[in-house]
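Read from first to last, the chains carry the letters A, B, C and D; within each, the first residue is number 1.
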């Protein structure tokens, strides 16, 4: 099987996660190039991971004929144009979510993907490649929990990361687009349905900075889906114990919970404080295996010339729903969602 | 300390729970009389619990000068008139929730309570007397979890009890009045605030019978409280594993969960199915100690001539909110709540 | 059914537990008398629990014709003579473990019980009346875990109670007689067999005081039972998180664990320390319901004139085994146990 | 950093685990050769993992000048001679445990390692590279649990794998050498001490086949270490729920548990059976990350020319202790261990 040579654009925390995985944990893949606006960062990573090519200019990297694919891990607003450029240069593209920070941008990405139907495009909804979520999906699909009544899904960041959250808040798209989007994808994935109506609310419970860009530091949204399922999402920055992503799927014949005790450590500590377990310290640790697995799937799709389960349209749909949440939050109205 | 002689009206499952507790588990109390429309049931309980007086007529029981207090555990719609009658005959009154099945009824109960200010009146919000909820309240009041961001509270009945739920559904007041009312009390208790607005939704996911009385077999409601707290309640009849009541209180500096693994058994079973714990089989087992503790508190209030924490106005407020949920569910509108 | 009037001898922590339970939580029982060497304590309890008779002399209490039964909760060394005296005065007897602090004493108690075959005698192996242990026993007896391979049982006291442990250490009989005896009873109860051989070891890991009476502050013993079952017991005083009693029963087709997370609280706390649950703070809280249930059983046995499951011979057997452990520990030899 | 080219001898389940990890998950490593007695297996793996060299003769593989290192994953009895041969051909050697199936064999391996002091030799005690064990070690070394009182460590294989256990039983070295050896390593690692005395026992609780080679299907051993620590190990084949390895470390100021709920899945299933979590299905899944991490450490040691933490002497010591357990089990005597 031909090795897939991949260039990574964006060398922040998540970019490095992908670069490192491609470099040493994804069979059949080779980290052939890295690109970042900071030249020094590029050099450093080239040395650290033994990467042959380095760029500060994305267009230039796309011209490299040795590259089969590009992994887009840049700031969200740049995703659509970079996706389009890479595809136009004949590259397969893996892009981190969100597809774009506006619905118009998402449509632009859709067009680019449609224009190059022989290229593989995949969006980074990594939860779909997490072992526990995959197990849950199988159980649901096998009908073991009956009809889905409600899905509750939390995306909680550790309070320790609040500075970064405030710093990147204005450009992140906000709680619903940046955080709930994974919950929204989860809802659509498990129900196979779309929201009918929703109401979102929230507040600045501690960090008034979020109000500056019309956002909340903690927010939630209750949705009713067309198939009747109730979906509840909560996004927050105040988790004291670490990064916590929890999903509960209630059916008429069974209930599934993922991440109720969110940890990959088997260690319990008995002390005068009681019986204690440690939660995931950060999102990288929580999703490390899922990030590897989704990249493996991307590489397999290229090698086997087949489309990934997640399409560009899933990206647009999730963004549209997130925008509807945002509008509901801003206007404090119960909104009908037009799929 | 003088023994408090109590008569119980209503000898259904919950009535028997209270009767048995008064009979043998509440220090300072004596089960002096029982009353039920079924004469045979009365006789049977009189013998079983060695009760000196038995009645099929409530008014008659209230005339018994030996009785200090009445515990009202009859069908919800009868609560207000029975409360009023018992008070007018000089009895202290403990009443199961809800205070009444309409807000008008609740107001009627309020008037009766106001008319006899020297009588003790207590409403059966037993969660407030559950060890775990009491621990949580202390932690919250001590400021250990900071400002409350969100409270999520579930009231789930086991699927095995669905027949009873359907049978009593038409007269129960519905999901919000009959089940969520405890969650609503929890929200008010922990926040000290009232809802500002709310949206309720739900469906008949399996049992279409509930539609006959404009109800859902599973329903939820998202509320925004005046102090900013988001409150989410879910009530359902499809829990496969038993009776599950779970409350989560998220603060800016800590999170509390009560009943995430709802069981009073310390037993874990390792088998080919995995590692299994048993949930509470029914509500009596879940709340047994809390039912005892609330009755102890009722008796202590009488003996010490002081008012319980829960007032008749709390009963009215919870019912009003539950009715607002019901209206929101029926009209599918986001409603402003007028306290 | 006739009310059983009980007198309690010994008003320490455990004595008060039993006195309070008899007074208000055991149907069909009445706390009719209390006895203790401290006159002031007797008066105080008489007032607190409204007890009609009080004594500082045990023999005097036994003369009271109104008493049907005596609950012996005095220092261990006094058990046999008090059991004998109470029986000789026509009383039914409930005695706390151990039956005596020497095997000779146990034999003395056996004789007394044999001399009054129409009197009910019951020994306080309260674990047998704990819900979780009873559930486990049913599962084992139903053959659901196959043949028992190993039982592991811990008795751990909280480090906070170390002062009392040291104070009463010299007269307690030591780790094996005072603490492991419950584990030993558990082994015999579940296997229906007796030890064939055993080796006990331990040390003064922190508190050298225990060496003064040839004891260890933490000790363990591995036994092989005649039916092949391996049994491992550990007793210690260093539990940081509370009182922990844990029993694991491994079978050829399933494994049961009781008390792996030992708590009656449903509360989980998420904080910067992680996810924390509180253990039982002390033994009274751990066994409160079991203490009630065993006293209920004692009363039922009297009322129904039948023998309890636990006989006086069980008491002797457990003490003999505990003494064998002690000898093994002191001589550091693998000992054959002569049943 | 120079890539380390590794040849793997033995392509059974564990051999394939290592081969796959070296091939795609260990940075800086290359799977350059595989060797197995089954020619067809060699060809198959060469194709599957794109391995350039394949052998059915171990000596031949050792002659390949392109190989820097050999990973020995062959049957236990072959380890010493293969270690010696590989070292003599200038290769670095990673060997699975045990070092040998007799103490004499272990000594032979020691000599070989001593003869080539510039070569890296590492033994596969993978628990030391498991995240949870590493966390525990740090906590213990930081003194957070005080002095260690007792370590309990279980190695339980799933009943589903019993056929293989019986098949390989006669040549495996038995329960103590094949299974408890990891627990023994754990004891030595955490205490830094050696056993003073021990008593082992066990039986054929279900599978009489084990008696044919003087072994038990379930066995345990209680040890007293020279520093006073009590160590208890249990090895069994009857775990119904999967592969379970659990270690508890009790200190005078805290208790650690690893693997009490042994699973890498975050999924809980609520059903009519209760609340269920799945255990690890097999040892590969349990130790997958640890196998990767230990191989990474082997490669780093080669690249940085430093010795791994685990020496060849640790291998001999663990085997000696395991043999002492075996002797104690066979003779049913309490044995003094001569380090």
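Keep this in mind: a residue touches a chain if its C-beta (ideal position, glycine included) is under 8 Å from a C-beta of that chain, and two chains touch if they have at least 3 such contacts.
For clarity, every value in this text was computed on a predicted model and none was experimentally measured.
Common neighbours of subunit A and subunit D under the contact rule above are B, C. Set against the C-alpha centre of subunit B, every other chain centre is closer than that of D. Averaging C-alpha coordinates per chain places the centre of subunit A 42 Å away from that of subunit B. Per-chain CA centroids place subunit B at a distance of 56 Å from subunit D. Separating the centre of subunit C from that of subunit D, both taken as means of CA atoms, is a distance of 42 Å. As a whole-number value, the distance joining the C-alpha centres of subunit B and subunit C reads 38 Å. For subunit B, the set of residues that touch two or more other chains comprises 239-241, 253-255, 260-261, 269-271.
Chain contact summary for the complex, subunit D toward subunit A: residues 1, 23-27, 131-132, 135-136, 139, 144, 253-262, 264-271. Subunit B meets subunit D in the complex at residues 239-242, 244, 261, 263, 269-279. Taken together, the subunit A residues at the contact with subunit B in this complex read 146-147, 149-150, 152, 159, 197, 199, 201-203, 205-206, 218, 220, 222, 224, 228, 230, 232, 234, 236, 238-241, 250-255, 260, 332-334.
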